[in-house]
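Labels run A, B, C and D following the written order; every chain starts at residue 1.
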């Protein structure tokens, strides 16, 4: 850590900081500049936080040198994390990107859900996603069918063999949800619901963690750290658009750069959700392809058998014919990129 | 609602929208412009959402005319909501702003906590706040003493008569927390934790709802709506700074304008937390005064008996001497503004 | 336009709005809802602005139905604008994306500049870009060589045949700059420097207009409208990253979705600058490829013969070897995408 | 400066940085941490920028210790800058806040302008502001009467003795404008129009510099630095609202905290424009009072004799009766705060 003192910091103030750092076992170097004294604390200690130091009198700023996330960091684990499922499906590393497809929320029409599942299966996708518990901005909106929805998803899994993904909103529901699904999702609005992160960290089911719409990449990786710290290392990060000053033509701003950035700093797989990010059907094909090109390990795409009657997010849901139309081109790109990665790693360019 | 159709919307598309609206009992008027057809749906129906309509083919945009929050709206309840406590303390309306004072998180030093409580009491403040369950960005930070902290707060209440405020992070802890405190707080990061909003809505304890750092005022009022919709109308809104592009010198950007804006649209009391908003001690006095001037019904100020050894947010906590220094000037302003409001409402300016 | 009246708007207020609209030749329909009266003004008049109407007493909100930009809109010109240069190079439409390559700012080392130009030429790029007049946040930074830089660029053009692009910061310099370059650039910070937009609109040289880091896509298209309105229709829009809450690992947030969005609403060509958007060398290859995939008509990439001694933005400049390494893969993708578009437009998929 | 090296930085990389710093006369200390080597460069040199250093291979990050603005900094000039005008009016220091009042843009109705000027004068305000050259987002909006407007303002000055403020948009107009007005204004959108900052820096007229809607406080002070660096030290900073994710109920988010923050780091006077910040008449009184409470040296308030027919920003303009209604209360607060400051500085609390 580097501690920058205020211009008017006293000898007292400086001594206090230095001594505290030494007590905690840091190797300390301090030197006065023209205006500010700078104190370098060398060592990797977690017994004292920058927060604590910045509270000391005369301290202007504390700067951490190393990233605050450790388990999620490539510094600790250079190779990519690959998550493998019972049926052999893999997410991460050099594997082709997976397809996670389904309606925003599950309604009671099973035939419709099955239609979507079959279309996904035929397109070579691996996962069926659907909302059972819905976080809704307004209490007047549909809140989800809860366990009934999970039962319908389970039936669709039996018929198609697709793996299941659904969102958990409360730690109390977690055991029940884990009985049905292969991956639990933490929604964007719950990215810093630390009780929920802890609960999910204590179960063995892989987790899709969605980036909070106003959270930095560092906070995103720290949220993953909460899950890993509690024992669950199977975390899949999902970029789903961030909140910016511009939502004139799209719901959020898709931060595709986050994919290569996260891959530089972390070993965890990263997927992209163009449906929630853009909120517009016509943008799903181009942004899905771009996500693959920048290295996404998967795509989460909303598809509904009857978007015009969907109980939520119909505007951004693809109909089955639209989905069939674009998924072919997306898969072709996915295959080619996978092939190129294979060649690259085999050093035959 | 107003539905704006795409320039290339077909007669079919338009008819479909019109018929759906009529089915739902709206009085419908549609007319073609040079480029877009506009459909007005007159009536107040909740059976169909803008979300649903915007999913129809050919729909460019759906614009709601009335605000989506109803229980929280002044349209429904023109007079200010005033929350009264057993000891006669009142929040809202023309009452003087209340003072909610205490450490960010409670540590095991009871004497220190008591010192703060006594200072608050002597300064005429009404509430002692303190964190028992702490949401922390990093799992390596102090997570709170949980029930032990509440026991210490209860002791301080006995000795000082101050009312208690603490944050709830999980619905499971709610009954236990309500046994100890007079007001439960929903933290900024949980503003859209709808399960928690629902749980808090089902209990009778007044709630301080903090604005999410990246939530609009409309979303803020919709979060309050979730609580009220579930039965608890004693909601106190707390502006605590929003996330913007600039955090060079402050932790967040305090949106003081939100206070008069909320008071125009809602009858709920609004308080301000300058400590979390700015993260800087030297800004607490000016921003507290400004909050009072724009009509805040209360101030939430972090005070710690030993900020340099606080387990969280020491940087923004006032020491007891600093607090005593500024609270006198803040209280004087509070009294004068209250007097002016009294005169105003008595029409003797 | 749609005018939404306040709940407490008087008959007087409403009549006033209606009459004013009628005076301006609108076909007016008004109807009272439960709470708000809504007035529809049908017609396409520019004699009265929403701004003006929203100032009328009792008006809550004015909503435009049609986009405020007209010349830049696809409503007026459905087919893509293609800009052709003397040497046959074309930007826009189904043409392959162009490459605009060069140092952030031109320093006095001509040999270095030439090296870059030759590398660009050999890679099949069409344009050499370089800064002669530099907008710098700090007055203590290098401000550019001005005309001397243009002379060096002109020499490099003679030797390589590359077209030239440089930024104009003041209308006074415009005639001189146009004598040297093929395209003038309006920098991001000047996107709403309307005097400059007007001046550029009055000359015939094609313009690269960079998106302001905090400007919406609508404002971006309105800035283009200023140029077109003054007579210059050869506007190339450049997405170069927007300012968001997160600049931890990148300089800005590249808004790639803006490319397909702009192409839906406007006929103008759109290029992408991954160098300024990310500020990181390692992100230039993936984000360039993603830009091509979403339909960018060109890429603007910073390359310097000696980034470590560049007078500005060295961190984001590629060295010539790095450039040669990545440009091959980027060009291959460009060619394949162009081929696919050709097939598509020839209806042979 | 502090230079943090990448974890994989070589001895070579480190040596290169160290040597370069030494060449530039820095006193250099470097030490390896567990992961990153940190290099401290002690000394105050402007011959090498962080920009330049961050381009060196193996450099992860460069952190400046001292603020990049020097002339604008309190480190250089601890006492407040006070700007005095021919008629004895003063801005800054312990002087009462000044009132800068007038229409957004000047239209041809002189009588109306005079009415506003007289109302301002009677209310004890010191400045008449009005737009002659208007930056407009759309080319279809009114662009200003240019010199004719200045002539009208000059007449109003003769009759009332008010000082004049108007915006300059192009350096070419500057000499002409300076013949008419006492203060030139740089608009928010031109805050980083460095050619204009330079031109204004070379004239003697005091400058109101408006904060760019998406610029940090540091960038704001650096823009002031550009003006001062070119010779004009009479810079008045104006906070006028920043762009955030929330513009539902207000035009911008007024960053009032910026006032005490700027006063901590700079000696320059700071004024506040609640009209542009909020865009809502009902917010002007509360936000004006709050601005005074946090220490603003002036208020810029839009007043129009006939807002409903104003050619721009009517929505946020006060009518003369509204202005007269609120200005009394604002002035009373201004007087009391000035009195308190006087007492304070006279140490008689």
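Here is the rule we use: a contact is a pair of C-beta atoms (placed from the backbone, for glycine too) under 8 Å apart; a residue touches a chain by one contact, two chains touch by 3 or more.
These numbers come from a predicted model, not from an experiment.
Any chain touching chain A that also touches chain B appears here: C, D. Among the remaining chains, those touching chain A and also chain D are B, C. Annotation: the A-B interface is duplicated by C-D among the options B-C, C-D or A-D, judged by over half of the residue-numbered contact pairs being identical.
With every chain reduced to the mean of its CA atoms, the largest distance from chain C is reached by B. Taking the mean of the C-alpha atoms as each chain's centre, chain B and chain C sit 40 Å apart. If you average the CA atoms of chain B and of chain D, the two centres end up 31 Å from each other. Once the centre of each chain is set as its mean CA position, chain C and chain D turn out to be 28 Å apart.
Listed for chain B are residues 214, 243-245, each touching two or more other chains. Across the complex, chain A meets chain B through its residues 46, 49, 51-52, 54-57, 68-69, 135-141, 169-172, 189-190, 192-195, 212-214, 219, 222, 225-226, 229-230, 243, 307-315, 317. The residues of chain D lying in touch with chain B in their complex are 214-218, 242, 244-246, 248-250, 253-257, 259-261, 264-265, 277-278, 282-283, 286-287, 289-290, 293-295, 333. Put simply, chain A touches chain D in their complex at residues 2, 4, 7, 27, 29, 31-36, 38, 40, 42-44, 63, 65-66, 75, 214, 243-245, 247.
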